[in-house]
Amino acid sequence: MQFTVQQIADALGAVAEGQTSLTILRAAEPGDAGPTDLAMAMSPKYAEALANGAARAAVLWDGADWQALGLEAAIFVQRPRMAMAGITSMLDRGQGIAPGIHPSAVIDETAEIGEDVSVGPLAVIGARAKIGKGSVIGAHCVIGMDAALGEGALLREMVSIGARAQIGDRFIAQPGARIGGDGFSYVTPEVSGAENARKTLGDQGDAKAQSWLRIHSLGAVEIGDDVEVGSNCTVDNGTIRNTVIGSGSKLDNLVHVGHNTRVGQDCLLCGQTGVSGSVEIGNNVVLGGQTGVADNIFIGDGVISGGGTKILSNVPAGRVIMGYPGVKMESHTEIYKAQRRLPRLARDVEALKKAVSKLPPSD
Amino acid sequence: MQFTVQQIADALGAVAEGQTSLTILRAAEPGDAGPTDLAMAMSPKYAEALANGAARAAVLWDGADWQALGLEAAIFVQRPRMAMAGITSMLDRGQGIAPGIHPSAVIDETAEIGEDVSVGPLAVIGARAKIGKGSVIGAHCVIGMDAALGEGALLREMVSIGARAQIGDRFIAQPGARIGGDGFSYVTPEVSGAENARKTLGDQGDAKAQSWLRIHSLGAVEIGDDVEVGSNCTVDNGTIRNTVIGSGSKLDNLVHVGHNTRVGQDCLLCGQTGVSGSVEIGNNVVLGGQTGVADNIFIGDGVISGGGTKILSNVPAGRVIMGYPGVKMESHTEIYKAQRRLPRLARDVEALKKAVSKLPPSD
Amino acid sequence: MQFTVQQIADALGAVAEGQTSLTILRAAEPGDAGPTDLAMAMSPKYAEALANGAARAAVLWDGADWQALGLEAAIFVQRPRMAMAGITSMLDRGQGIAPGIHPSAVIDETAEIGEDVSVGPLAVIGARAKIGKGSVIGAHCVIGMDAALGEGALLREMVSIGARAQIGDRFIAQPGARIGGDGFSYVTPEVSGAENARKTLGDQGDAKAQSWLRIHSLGAVEIGDDVEVGSNCTVDNGTIRNTVIGSGSKLDNLVHVGHNTRVGQDCLLCGQTGVSGSVEIGNNVVLGGQTGVADNIFIGDGVISGGGTKILSNVPAGRVIMGYPGVKMESHTEIYKAQRRLPRLARDVEALKKAVSKLPPSD
């Protein structure tokens, strides 16, 4: 895989200057770049390191003086991360999963495998499963019976997809992602202490100790187009209806989505975020790393949570929240600042109490 | 799999009315239900949607007017989630793991496989491992040497069970669950900064930088009857003794249980909860999602923690706790309310300081 | 595997007394120990239970009266956990992965397998991958193309290592660990609400709803010597440069390390800790369980965080921190104590306000 500087600029819709016929094999950080690398130096701060490397070509910010930086060619971009999306897509060398069906794969004879599908070593594809054309199924993947995967999927190694999952086009799953485990749903024969404590906000009442009976998951998982799920993340089956991940949404590593939950479109759920069961999440929601979401609540469109936020009640659309429990970001900041001054505040109050006690009584 | 309305009512020990010979193929939400579905409409709120679907039969709350809801048959239940347990258990279509031993499975000749055991494609069963009768071992599972699994187990795909694990009857493991990884246990040759900081609550002293030596796990994992573990959850081997999960306990997705820890009976550990090493957890404990438990502490019977609680010290039996660090729920609520008023409180104190400073001196 | 008491003492560099020719087969807790077990009784508290067991030999603290404890032989140690490291290493029975290459493994003909390497059933090793001599590759592992693993590795079952990963000697990976999934990195064509909210600390501005474009990971993962990664933990590929885990560092179960992050040497990242992308972590850092680290920050050498800490900004070397957001441990303790007194403080302020309002006006 190689491109000229001009070809990369053209793909980005960007302007290139200098010797744009230079051949590029890789992208590199400015200080590590060799003569066939394209140095990523989209800000003056990063460009400083060009001198430590041997780059002949770089991606620079708009208006940069490429010749003064000792380069022979340059591409100019306005939104660096957008350029990164384009360049990394062009130069991705992938995982090398060979075309065709590996002979060690175990594919049920009733499965429907589309054109130009690759299936890696030791993958298992169940009865009546459908794999859309151009999909790549990594080594050791397991696709359950009656599951359907759209076109152009990329499943890395050891991904599992449960029976009856319905997944759209261009699905990407990182290693060990689990779609369609059963939901975590149990009930005690009589009212439990946990049920009482929820109602009373803290009192278990006189509920007796009981064992848990299992509520099976009859629903499956339904995933839209252009969804990506991270390494070892888990999306559970719904109980009666399906659990849903909307088109364009991305789940990071070790994210958990509980049964019945519906995630909208174009959401980002960052690392280790956990969403309980029966949650409704709108579109364009961004949940920062290690966010937690209590069950049976609503999160409106465009909500953003900072890292570590625990969302314990409904959140209206457009709100930016943080904290445990999550509150509006500005409230959180205000509370937090007041907290840091709290020891001083306590001393002030003690001093005031003394001062006031010494004052003459207000007859 | 199909049942009449009457058969389902009988299995639930519930009363049915109307045309109870109707055939049911699936359970469905009221608005999605078709003519062969049993609509789950256990409260007036859910029953409203019956009009949007085409259900002829439904499960309703006690005393509901089924004919007014346009139904031909109904089952009446008093504790809806208990009915869900019964109905979902009857109608579960499962994952379709075929009976018998798949020819691609790699089974050590010294393993003891019980009667009517199913082993999925490419599963690996080690030396002297025992699989109890009627168990279902999913595709790509790995059972370590000398491990023992009781009767009636259901292991979904890619579950791993380490050497010497001892597991009771009716064990259920969701995809990617890991039983019997080694514990996370290290030591530095001399006292480390972390050891000092624990003792002093914050001061590392003059401990020098050192490398970590590994403490191996000689113990295994011991699991009672009727335990379920979620997708990608992890239970580590003990160091000398076994790590223990008591009968009837359920672990959700991505839950972590550290080495030597003993979880009692009938506990629920909700999504992404993490329990450190050498913790003692009683019976009927419920830990909400993303709860964290520090090492070497005790949690009494019947303790309940709210989502996101970090338990840093012993908790007496029966307590309901929340927060970071976890405190009694009512204390947490009180502290939290006071926190939200904290910025106002700070302003009040400033005003008081001014007011008092303007008062005549007290003598 | 069996040793005499004397052999174990010699390996530990410790003194043994009594009948040091006794044969030891296992280590055991004092109360469980049988006649061929070595009881771990390194403190008077643990030694009490010796009476409940049948140990003839024990490891004791320096100066213990072994004869009074009814033992026939004893080993005396000064730092119990160091002794545990030595003893557990000697007595580890392992997972029983057979020597040699299992015939069911799928190994690319261009892979370079070192001497005395064991490869378990159904493992997959990709093109040009290198496995250093004496390594043990567990069942169902997948090693990507062009990945290199040093000497003496131990990979438990179902470990995956992505293409181009570079890993040093004596690497240990617990079941389901994922090295080299792609990083979680996206961009919107125009400035997003999340970008605005970060800059303004809470205001999304008028950013419109947009879909996410993927930034591919061209970098890989680079791991030093003597690194261990826990069950189901995940380390992502870098975007342009590699993600790095320094020599001697240990990652616990379900730990997440994001793209581009560099973890120094001899660090401990405890259970479920999550480190975002582009973080720089120094040497000898200890992050307690469920710690979270925001992206693009620096954590100095020797930093220690308590369990549940959320690190949202740079931390200077040597600091011990705790809380959400993480602050110096002593500040955290002070804030926490003040918080618990907060409801009382609020009542005091109310009382003061009343008292002051009743005072004569100050003029």
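Points to keep in mind about this one:
As written, the chain order gives the labels A, B and C, with residue 1 at the start of each chain.
We take it that a residue touches a chain if its C-beta (ideal position, glycine included) is under 8 Å from a C-beta of that chain, and two chains touch if they have at least 3 such contacts.
In UniProt terms, the chains line up like this: A, B, C = UDP-3-O-[3-hydroxymyristoyl] glucosamine N-acyltransferase.
Treat the numbers as computed from the prediction; the structure is a model and nothing was measured.
Although chain B and chain C share one sequence, what matters here is the overlap of their interface residues, and that overlap falls short of half of the numbers used. The two copies, chain A and chain C, are related by a rotation of 120°, based on C-alpha atoms and rounded to the nearest 5.
Note: centroid distance chain B to chain C, computed from Cα atoms, is 23 Å. In chain B, the residues that reach two or more other chains under the touch definition are 122, 140, 158, 176, 232, 254, 272, 290, 324, 339, 342, 345, 349, 352, 356, 359-360.
Taken together, the chain C residues at the contact with chain B in this complex read 26-29, 32, 40, 79, 81-82, 84-85, 88-89, 91-96, 102, 104, 120-122, 138-140, 156-158, 172, 174-176, 226, 228, 230-232, 248, 250, 252-254, 266, 268, 270-272, 283-284, 286, 289-290, 301-302, 304, 307-308, 318, 320, 323-324, 328-330, 333, 336, 339-340, 342-343, 345-346, 349, 352-353, 356, 359-360, 362-363.
The touching residues of chain C, when paired with chain A in their complex, are 106, 122, 124, 126-127, 140, 142, 144-146, 158, 160, 162-164, 176, 178, 180-182, 184-187, 189-190, 193-194, 197, 201-204, 209-218, 232-234, 236, 239-241, 254, 256, 258, 272, 274, 276, 290, 292, 294, 310, 312, 324-325, 327, 331, 334-335, 337-339, 341-342, 345, 348-349, 352, 355-356, 358-360.
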